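In what comes next, chain A is part of two complexes: it sits with chain B in the first one and with chain C in the second one.
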Partner chain A sequence: MRQPVLSVRDLVVRFSTGRGVVHAVNGVSLDVEPGGTLGLVGESGSGKSVTSLAIMRLLPRGGRVVSGQVWFGGRDLLRLSAAEMRSVRGREIAMILQDPQSSLNPVLPVGEQIEEAIRAHERVSRPAARARAVELLGAVGIARPEEQLGRFPHQLSGGMRQRVMIAIALALRPTLLIADEPTTALDVTVQAQVLELLRDLTDEVGAAVVLISHDLGIMARMAGRIAVMYAGRVVESAPTEELFARPRHPYTVGLLRSIPRIGGARRALVPIEGSPPDLERLPEGCPFAPRCAWRIEACWTQNPSLATDDGPAHLVACHDPAEPEEVGPGRPIRPGFAPAPPPGIRAGVA
Partner chain B sequence: MIAGAVRDDAVPRRWRRALRQTGGFLRASRLNALGAGIVAAVVLLAVFGRALAPHDPNHLDLLAALKPPSSAHWFGTDNLGRDLFSRVLAGARISVEVAVIILGLSVAFGTLLGIVAGLVGGLLEEIVMRVTDLFLAFPAFILAAAIAATLGPSLNHTVLALAVVFWPWYTRLARGQVLALREREFVLAARVAGAGTMWIVLRHLLRNVLPIVVVQVSLDVGYAMLATSALSFLGLGAQPPTPEWGAIITDGRSFIQTAWWWPTFPGIALAVTVLGFNLLGDGLRDWIDPRLRGSLGGLQE
Partner chain C sequence: MSATLLSVEALRVHIPVTRGVVLRRTTGVVRAVDGVTLDVREGETLGLVGESGSGKTTLGRAIVGLVPPTAGSIRLRGVEVSTLSGRGARRARSELQMVFQDPFASLDPRWPIARSVEEPLRLHRAGDRRERRERVLELLELVGLSRRMADRYPHELSGGQRQRVGLARALALRPALVVADEAVSALDVSIQAQILNLLQRLQEELGLAYLFIAHDLAVVHQISDRIAVMYLGQIVELSPGVDLYREPMHPYTVSLLSANPVPDPSVEAARERIVLPGDPPSAAAPPPGCRFHTRCWLRERLGDPEICRTLEPLLREVGPGRSVACHFADEAAASPVTRRAVDLAGGRA
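Coming up: the complex of A and B.
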């Protein structure tokens, strides 16, 4: 593998709230290849967005990085000064936020907001910035860009606003783009167009992408590699095809079984039983153990670390990964196997 | 949107848009037009009133004392023979100046303090807000009267006293706006794009707070003028011979039986001016939100 553009190592993020400490991210490690697309999947609260905000060093109030490193361009971003970090944001790492409705300033015309993004980092004249803005709006597929410059965000549709956000994000040809659920707020038909645009433009600019989504369909189309997150950790990471064909972590297996398929036999959707752990009181062992059909005794006491499996590109954090023939049925098929009961119950039986 | 101004270059288009929006504001309601008309007239009279005035507002002419309105003296004269029309015109300038200074001071101080308090939060915010509570808990007019009385009666002290009364409103207004704005995604988006805190305050927060502050100012101008005149009426503000409206009314009060025109015309001037600013402020408040304008623009598409 080539030298990654972004390399996150053992990132730990905690939030102090009035009631206690939320363990939002608990040792995330990620690598993004130059020009590649890494998909981050996971349910709400799994730490996807917090990880991306921690990379940008823009955690909301109460949040702080407890430990870990974020290597980008030969530097640990977590150690840069505030001024150095500001010059990284926007120019080297750009970010697209989830809701185009509110990520544009409602009282400034969109043209000014694009020009501003350029002029924040480069010494260019206003007319030059304006010309670039027109060019960018054209590149993101907005018709008659000169006319749109003077429009206010509320005069544009959601899809157009997200196109504007993409224009702003790619204005300075960043080496990395973080897109946090870029299409969640959009209509399904518009989603496809925006994703296609995003892929074409990042290819053209040569930017690597971290795409955050809970939609595995989007991931299948966009991502070269997928990292699955659960309770603030990466539980499995593999090239996209490999992950869909041979998921190893029981959570990934459950995730794949819970998406509807067109064409196949009609069957009920299979939810994953139980609910994600309380991030204020994480269990000692694997956080997925209570919901897992494959759990063994070690799962209750030791949190498995991410290790290679099935070749160097496939990483999984599991004591007892699912075998290929167990993926279809969605449960272990081994003679005499039963999920290990929690330690407390075992003690009660004895 | 109607493609009225498409092929022109940027600057005229911007002006044309401003004009079109002003026209829209005036057409939205007759009261808007009335308010804007009165305000424009008052401002013009404040600037050019001295040139238009037929007499020197402080010129004494004892032979023409207490004359009723006539072609020579449109609003009549007072007991010292001063032309009341000229005095009312001169008073327009004083009222406008006073309102500008009072609101300039309180807006600059109050808004900035409010934005900083809202953005920084924590202990600073707590202290600032408790201080504003302290000021707001006290009846405003009595506080202003007390300050003016303590400093000694003069127009300057009145202005200062009223600025002290007005600023906490702007602090609260700005802080409330910033509390809502700082959680909005565009602030995060600006940070993501590499913007610093000062840039966000000046470019994004101030721009978003300003329309609301402008509306509040347009409403407060009337109150500031009224309060100045009220303090002058009580003898705490402008002192003779300053042709301040409240001071003229107070001088003429005891003559209302014999020379009704003396307190009446400055009173009408004051009432109409305050009405004009209030109408303008009410109209602006309903109009200024760009999203309201957008709902009209969006329909035309």
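Coming up: the complex of A and C.
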């Protein structure tokens, strides 16, 4: 593998709330190849968004990085001064969020917002910045871009706003783009347009992408490599084809069995029983153990670390990974299996 | 084939757009539902797919009586329910219930969940206090919640548990039809699968019918016997679920299938996608002729026939249980574009 453009090492992020401490990210390590697309998959609370905000040093109030490193361009971003970090943001690493409404200024025409983004980092004249804005709006597929420059965000549809965000994000040809659920709020036909655009433009600019999504279909389309997160950890990471063909972590297997598919005979879904752990009270062992049909004694006491399996590119954090013959679709997990808390802990009196 | 439970005929729901507070005036009308005819049979699941603005939610709300129809009829076992008032209306409404995308919004945060589930029973004066409590506990068990949950508050519950409470509440009055509006869309996939399985079990046990509204084609496929596709206030295609995805006949259905991301990387790598231009037009000013013509990929291939721009196609029956509203449905069905979209839509299952 070439020198990664981004390397996250053992990242730990916690949030202090009035009531306690939320263990949001618990030792995440990730690599993103230059020009590659890393997909971060996980359910709500898995820590995928918090990881990306920690990389950008944009954690909301109450959140702090407890330990770890974020290597980017030979520097640990976590050690940069606030001013140095500002110049990295936007210029070298750009970000797109699910809701463009929250990142666009509602009282400023979109043209000015693009120009501002350019002029914040580059010494260019106003007319030159305006010309770039027109060109960018054209590149993201907005018809008659000159006329659109003066429009306000609320005058645009959701798909158009997300196109404007992509224009702003790619204006400075960043080396890395972090896209957090960029199409979740869009209709499926508009989502298809935006994903296509995102892929073409990042290819053209040569930007690497961290794509965060809960949608495995989008991952199959966009990602070269996928990292599956659960309870603030990466539990499995593999090239996309490999992950879908030979999932090894019981959670990944469960996810793949839970999604309904079109086509073929309709089969009963096999849900993952139980619910995700409380991040304020993580169990001592593997956080997935209470819901895992493959669990063994060790799972209650030791949290397995991410290690190679099936070749160097496939990493799994599991004491007893699923065998290929066990992951066939439609097969019941284990007859009579029921989720359970660790032995010795009785469900509260509540 | 089972008997017809609900029949909706030529239903229109037009919502006036107003401007100004003091000098309030109507500046236009959104034709959210604009001439919908469909049946739901006893015990079946009719899936309703469409994008935002297609009118699917408004249709569901009109059926349960949350928005008044502008024209047309809604009949439950032959009895018109949209114009009923008083006791008759109340009885009919108790048979038509709805569950929402965000159950949190439909539960009062100050009430323990038992009280929320009991509410419809109290409104309909069903039983005394003790009987109602017993029924609430029964309902919680029915949806897979323990009786101990009864005195918890909504904020103490997970998203999946709250959706179960929403279901328990909808089932309190033993409805014949439950309108589920994006009921699993906000849930994580592992929880979504639990709720879909629960809906299917309840249907078998209670003989319920569902109108299952969602934007996710795969989710709708998983649960529906028949599927209706809506675009700008109208149904453009209605078929048994298997047929709709194997032999779609409306170009819009084909583009939805083609746009739907498939969790299979080998398919996604091989795939050429129909990318529809632009956003859906506004339902306040639908295009003349066929409403889909401004975005239709087939029209171009057929050399831009004039009829698409001038004449609104009617929903017509094209086979047993199958209807489509397109002047060129046969051409759409036979197009190689359609074949490719279908071959790839399901992945290598």
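Note that in this section the second predicted complex is superposed on the first by the 329 of 350 C-alpha atoms of A that agree within 3 Å, B and C clash if a C-alpha of one lies under 4 Å from a C-alpha of the other, contacts with A are read in each partner's own complex, and residues count from 1 in each chain.
The definition used in the following text is that a contact is a pair of C-beta atoms (placed from the backbone, for glycine too) under 8 Å apart; a residue touches a chain by one contact, two chains touch by 3 or more.
Quick caveat: nothing in here was measured; it's all calculated off a predicted structure.
J.: Putting chain B and chain C on the same copy of chain A, do they fit or clash?
T.: Once both complexes are aligned on chain A, chain B and chain C fit side by side.
J.: Mind checking the angle chain B, chain A, chain C on Cα centres after superposing, to the nearest 10 degrees?
T.: About 80 degrees, rounded to the nearest 10.
J.: Could you tell me if A:Phe152 is touching chain B, chain C, both of them or neither one (first, second, both, neither)?
T.: first
J.: Who does A:Ile259 touch here: chain B (first), chain C (second), both, or neither?
T.: The answer is second: A:Ile259 touches chain C but not chain B.
J.: A:Val21 in the overlay: touching chain B, chain C, both, or neither? Say first, second, both or neither.
T.: After superposition on chain A, A:Val21 lies in contact with neither partner.
J.: Of the two partners chain B and chain C, which one touches more residues belonging to chain A?
T.: Counted on chain A, the partner with more touching residues turns out to be C.
J.: Does the superposition put A:Val190 against chain B (first), chain C (second), both, or neither?
T.: second
J.: Per the contact definition in the header, classify A:Glu116: touching chain B only (first), chain C only (second), both, or neither.
T.: Only chain B is touched by A:Glu116; chain C is not.
J.: Examine A:Ala298 and indicate which partner it touches, taking first as chain B and second as chain C; both and neither are also allowed.
T.: Touch partners of A:Ala298: none, neither chain B nor chain C.
J.: Once the two complexes are aligned on their shared chain, state how close chain B comes to chain C by Cα atoms, in whole Å.
T.: Least C-alpha distance: 8 Å.
J.: For chain A, which residues count as touching chain C in their complex?
T.: Residue positions touching the partner: 43-44, 157, 159-160, 187-193, 195-196, 214-221, 240-241, 244, 254-266, 268-273, 275-276, 329, 350.
J.: In the complex, go through chain A and note every residue touching chain B.
T.: 56, 58, 61, 86-91, 94-95, 97-99, 102-108, 116-117, 120-121, 130, 147, 150-152, 154-155, 165, 168
J.: Please give the residue numbers of chain C that touch chain A in the complex, ascending.
T.: 51-52, 148, 158-161, 188-194, 196-197, 215, 217-219, 221-222, 241, 245, 255-268, 271, 273, 275-276, 279-280, 345-347, 349
J.: In their complex, what parts of chain B are in touch with chain A?
T.: Within the complex, chain B contacts chain A at residues 1, 3, 6, 10, 13-14, 17, 121, 184-186, 188-196, 199, 203-204, 207-208, 211, 290-291, 294, 297-298.
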